[in-house]
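A single structure is presented below for examination.
Naming follows writing order (A, B, C and D), and every chain is counted from residue 1.
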Amino acid sequence: MTTVLESLNRSLHTCMKTSDKVYFIGEDVLDPYGGAFKIARGLSTAFPERVITTPISEAGIVGAATGMAIRGLRPIVEIMFGDFLTLAADQIINYAAKLRWMSDDRVRVPLVVRTPMGGGRGYGPTHSQSLEKHFLGTPGLRIIAATALDDPGKLLQKVVLDENDPVLFIEHKLLYGLPVQPLNSIPEFEVRRVKADYPVYHLAINDAPQPRLTLAAYGYMAELARKAVQRLAYEHEVFAEMIVFTQLSPFNLAPLIDSVIRTKRLLTVEEGTLTHGWGAEILAKTLETIGPSLQARRLAALDMPIAASGPLEDTILPNIDAIIRSCLQLAS
Amino acid sequence: MTTVLESLNRSLHTCMKTSDKVYFIGEDVLDPYGGAFKIARGLSTAFPERVITTPISEAGIVGAATGMAIRGLRPIVEIMFGDFLTLAADQIINYAAKLRWMSDDRVRVPLVVRTPMGGGRGYGPTHSQSLEKHFLGTPGLRIIAATALDDPGKLLQKVVLDENDPVLFIEHKLLYGLPVQPLNSIPEFEVRRVKADYPVYHLAINDAPQPRLTLAAYGYMAELARKAVQRLAYEHEVFAEMIVFTQLSPFNLAPLIDSVIRTKRLLTVEEGTLTHGWGAEILAKTLETIGPSLQARRLAALDMPIAASGPLEDTILPNIDAIIRSCLQLAS
Amino acid sequence: MKASSTEAADLYRQMLRIRRFEEAILEAFPRGLIFGTTHTYIGQEANAVGVLSQRQNEDIVISNHRCHGHFLASGGSMSALAAEMMGRSTGVCAGRGGSQHLHWDNFFSSGILGGTLPLAVGMAFAQKAQQSGQIVFAFTGDGALGEGVVYESLNMASLWTCPVLFVLENNRYAQTTPVEVNLAGGIGERFRSFGIPTDEQDTTDVAKIEACARSAVDHVRNGKGPYALIIHTYRFAPHSRGDDMRDPAEIERFRQRDPLKIQATSLKKSVLAQLDVEVRTEVEDAFNQAETASMADPASLTYPIDLIR
Amino acid sequence: MKASSTEAADLYRQMLRIRRFEEAILEAFPRGLIFGTTHTYIGQEANAVGVLSQRQNEDIVISNHRCHGHFLASGGSMSALAAEMMGRSTGVCAGRGGSQHLHWDNFFSSGILGGTLPLAVGMAFAQKAQQSGQIVFAFTGDGALGEGVVYESLNMASLWTCPVLFVLENNRYAQTTPVEVNLAGGIGERFRSFGIPTDEQDTTDVAKIEACARSAVDHVRNGKGPYALIIHTYRFAPHSRGDDMRDPAEIERFRQRDPLKIQATSLKKSVLAQLDVEVRTEVEDAFNQAETASMADPASLTYPIDLIR
């Protein structure tokens, strides 16, 4: 069994071994610590010259990495908590994402900014957020979210070695400890990888009748959604299919549309706060695409900061029961 | 005739006269210059102690103003171009907007951040954006957009004198030179102000037949949309009604729902880039509310930076012809 | 000036309260009582206690992620702090904030490094504008000097002659990173290059820190503008929990100048014994009180602003 | 070291090209030829020309909003720059960038103040890592010293011994704000507090600037890390256009040390006359070429990344 953490860590080792252009940059990333979530473990021992521990300067390090990327390196920046991305917002939105286009495509910026997002650990309002919603739809920025499905390390490897435009790579903290789930290993589910550079996954319960609704999710919420789909089938005899995204922005909606054309019912599930979140775009685009027969809802965090206290945090963030409730409402 | 610029400027004078808690803070805001867009003109002469010109430190001045607000003042920060809001993103999202909630409602932050947004002046990729989309849906942050309709100065005054939570106040640059349009002075339109703290406006062509579709817009796009609605009626005999928002986040959708329940067709128009923009949430929420009979589209800027060259900029940003085209498609 | 023996005892008592509280927090983790993580103040007690001895009633304290010591030395309730970390309704912020997000009276902390400094400057500006006589104490670590907004803040504080005392606690590490790896040039120079006068001390002697704080605060309170007190110190416990990469010998060496040991030398055995009992009891009571309080109630959650009106 | 007369003439010629180009730009506005706005370099020509005389072929130049002078002194095409500002397809960035967003070869500028500095540091880091021998010239104004990211950049540059020369052009104003109102402490101190050595000059003498740049560049190119050249200067024209709030007498005073006048004294009348004609012709040709080029074509627009794949 490989955990998501191990998969990402191994992938970074592979990337650095494969190309000496790859640099790893972040706060407290040196061994033996290897970064706050240990994703960098072993890197500085294996590649001492190419792992740079930095001052606590999120804007500065993203900007510096952008400069490195322009000049031929392939830097990976680790932002210790995704909550701190706000500090690098200008460098991401007004610099990294614009430089290629502004230069009439002569400058390329193969920059990867990796960061853990998400709650569930009682870290409180400034260390638990899923702030990717504020970066979605930034022209020139690709946003990718790791999942436990398939091969998160391979996803990261593609981003690091093959991309030539800036990527924000989101990793939910609660994924790290989960086992990686190869597509053929997921009990009771038939999983298809829809052909695309950044895969979209289609999950359906084995031998189920026609699904009544479609769920869309990414990252850790895809895990919760999958469990909800299972319980819906067994406890409520409501059958749903699921689309899991890895590329959030820009996105390939075709697999979702395929499914929704059949089900006419769509639920998006995300951990960020509801309003103006990821699901809004998914609903809007689906509506524009398939027209006036769609029924849809979104499930997300309550529109408030995330409390440290367990019972409060549990109430604020979406959970399996809430997904099931939303599905039942939608299916009825 | 009063221009929007004059209306806002007078409003600031009124605010500072009304309350000695009001401070005005920003780059190059002193007389005789009075700020890059002259909205602050005369303020530093009339209230020399309470107008503070600052270093070029967008994060710092928003943070400092947040501190002032917590301690009983009512600071208004001018960010010279809305494109620079990214620099203050952390102070806005992780500080100003969270402090009340995190303190169990004991801290209040009556902070106003005013900023001009928008293109149309050839300023190029870093001085022409409508970046409010990245801040929409921030829990704890109110976002208000000025319009030329009704009384923009009064809107600003309410924000400055009556609000006790942080507000981002968006002013499209092209509004400044336009005349303020009192509701009863708009030729050929019947305009209703829907009762709400932050008004929502309902516009319909005088004595028109049942409208075929609903347009939703804010800020400068509301001006273009109104002209489009007029031309649609006269040139195409397609009748539309319009909802103009001043409060973007959070928002009151009831007036829009009222209209869309009748028309079943919705077009949102915004100047920000399309994907994950304002319209996404409007479509999503409308769909969730009225269910599976809705037809909707969004018109927005192309998903790219904004070019300096006129013909390119004109192509990237939405215009009246594009609104008309979108309406005709939707109505057909 | 030699402190009277009651004063000396009080300084010791305050440091001991912090020490015992933090130890109790670390012990409470394995018992599953605490949500999230923590950054303890063990080893740095002399800074908060020495500096905040100069705080007057309504002065403001801005703290960072390592805030328990600052909070307790500012008069914050020990049981409310324990309760906050246990997610109870009786917590300082009713369970919303947790360890690093505290607000109580004129005390503020948050978990994003550096971002508290412009707030401190703005608050100081407001107090000056309102001629309240209040000043702001703003605590920061060496690592936070990496953040750009710190320099924006120093510049504004200096330009606008704001009554703020910057207290820079250089505990020689930011998380796992030694200060030399994070910081080029010098700490004092950084402040002085913005025209902010500094006092730099390498000490854990609370009496000495108190004396330095007295003249620093005099400067600030007398309208002479910001001042920076730079204290070279050390933390004995891990950055948060179990993440200590430092050489144990180094820790041992610094433990020789444990602020409690130093201050203990000026106190009688009997006084020490009595304080020991007093503080142990206080901490036990605080934890008992916190533990028996009800969990924060989801029904108490509110939206941060009215969603529609 | 006395420059040979051809060198002296060349420095003059380069400054004159910038001067005449900027004047032509200001004249072109009322004719409706230019999109957006501009920030001219009139008065500061000696900085770009003097400093960039030390640039070797592949060195990198990072510029700011006031970039035309840096661009021309870096060898950028005058007609492409004029075309860029007129929104033509032949513009430096095919009309996408406009006045302040230029990229050509190893030249970069952008319109968000301060944010170019971490890029400069990262580029310098990359050149060092690749042992290319290339260095980075990073130009900044006094006003940009308000931005926090500048200090994050100085810290990284110093810690990582990056081959970058910071050129701080203090023209005594940021837009309408005098430097004293924006900046506490001292400019030199700010750099030195990060361990970055500085050379501070109050001059518009291109020969002097060239000499200072030579030793500064030596330092950087020899792997000794970053260096800051601080040049106290003045702009004669408004910040952008028509927004000049300065005392005309002050402008007049500074015009006494017009870099062109100073450099002219070391050149023969005949040379000056010839250069005058040459440069006038060059500028005219450049503008004609730009004006007759086709407008940028909307069909040339592309999305910044593939939207779906």
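Methods note: a contact is a pair of C-beta atoms (placed from the backbone, for glycine too) under 8 Å apart; a residue touches a chain by one contact, two chains touch by 3 or more.
Since this is a predicted model, take the numbers as computed values, not measurements.
Peer 1: Could you tell me which chains make contact with subunit A and subunit C both?
Peer 2: For subunit A paired with subunit C, the chains in contact with each are B, D, in label order.
Peer 1: Please name the chain that ends up farthest from subunit B once chain centres are defined by their CA atoms averaged.
Peer 2: Checked the centroid distances; the maximum from subunit B is C.
Peer 1: How many angstrom between the C-alpha centroids of subunit D and subunit B?
Peer 2: Comparing mean C-alpha positions, subunit D is 36 Å from subunit B.
Peer 1: In angstrom, rounded to a whole number, how far apart do the mean CA points of subunit A and subunit B lie?
Peer 2: Using C-alpha averages as centres, the distance is 31 Å.
Peer 1: If you average the CA atoms of subunit A and of subunit D, how far apart do the two points sit, in angstrom?
Peer 2: The separation of the two C-alpha centroids amounts to 41 Å.
Peer 1: For subunit A, give me the residues that contact two or more of the other chains.
Peer 2: 54-55, 57, 59-60, 83-84, 87, 90, 94, 98, 101-102, 125-126, 139-140, 250, 303-305
Peer 1: Give the residues of subunit C touching no fewer than two other chains, as numbers and ranges.
Peer 2: 94, 96-97, 101, 110, 112, 146-149, 152, 155, 159, 181-183, 302-304, 307
Peer 1: In the complex of these two chains, what residues of subunit C are touching subunit B?
Peer 2: Contact set of subunit C toward subunit B: 60, 93-94, 96-97, 101, 103, 108, 110, 112, 115, 117-127, 129-130, 148-149, 152-153, 155-156, 159-160, 302-309.
Peer 1: Show me the residue ranges of subunit C that touch subunit A in the complex, using the header's touch definition.
Peer 2: Of all residues in subunit C, those touching subunit A are 34-37, 84-85, 87-88, 91, 94-101, 110-114, 143-148, 174-177, 181-183, 243, 245, 295-298, 300-304, 307.
Peer 1: Which of the residues in subunit A come into contact with subunit B in the complex?
Peer 2: Per the touch definition, subunit A meets subunit B at residues 83-84, 86-87, 89-90, 92-94, 98, 101-102, 125-126, 131, 133-140, 249-250, 264, 273-281, 283-285, 287-288, 291-298, 303-305.
Peer 1: So in the complex, which bits of subunit D are touching subunit C?
Peer 2: 146-152, 154-155, 158-159, 181-186, 189-190, 192-196
Peer 1: What residues on subunit B touch subunit C, complex-wise?
Peer 2: For this pair, the touching residues of subunit B are 23, 49, 52, 54-55, 57, 59-73, 75, 90-91, 94-95, 97-107, 139-142, 165, 196-197, 250-254.
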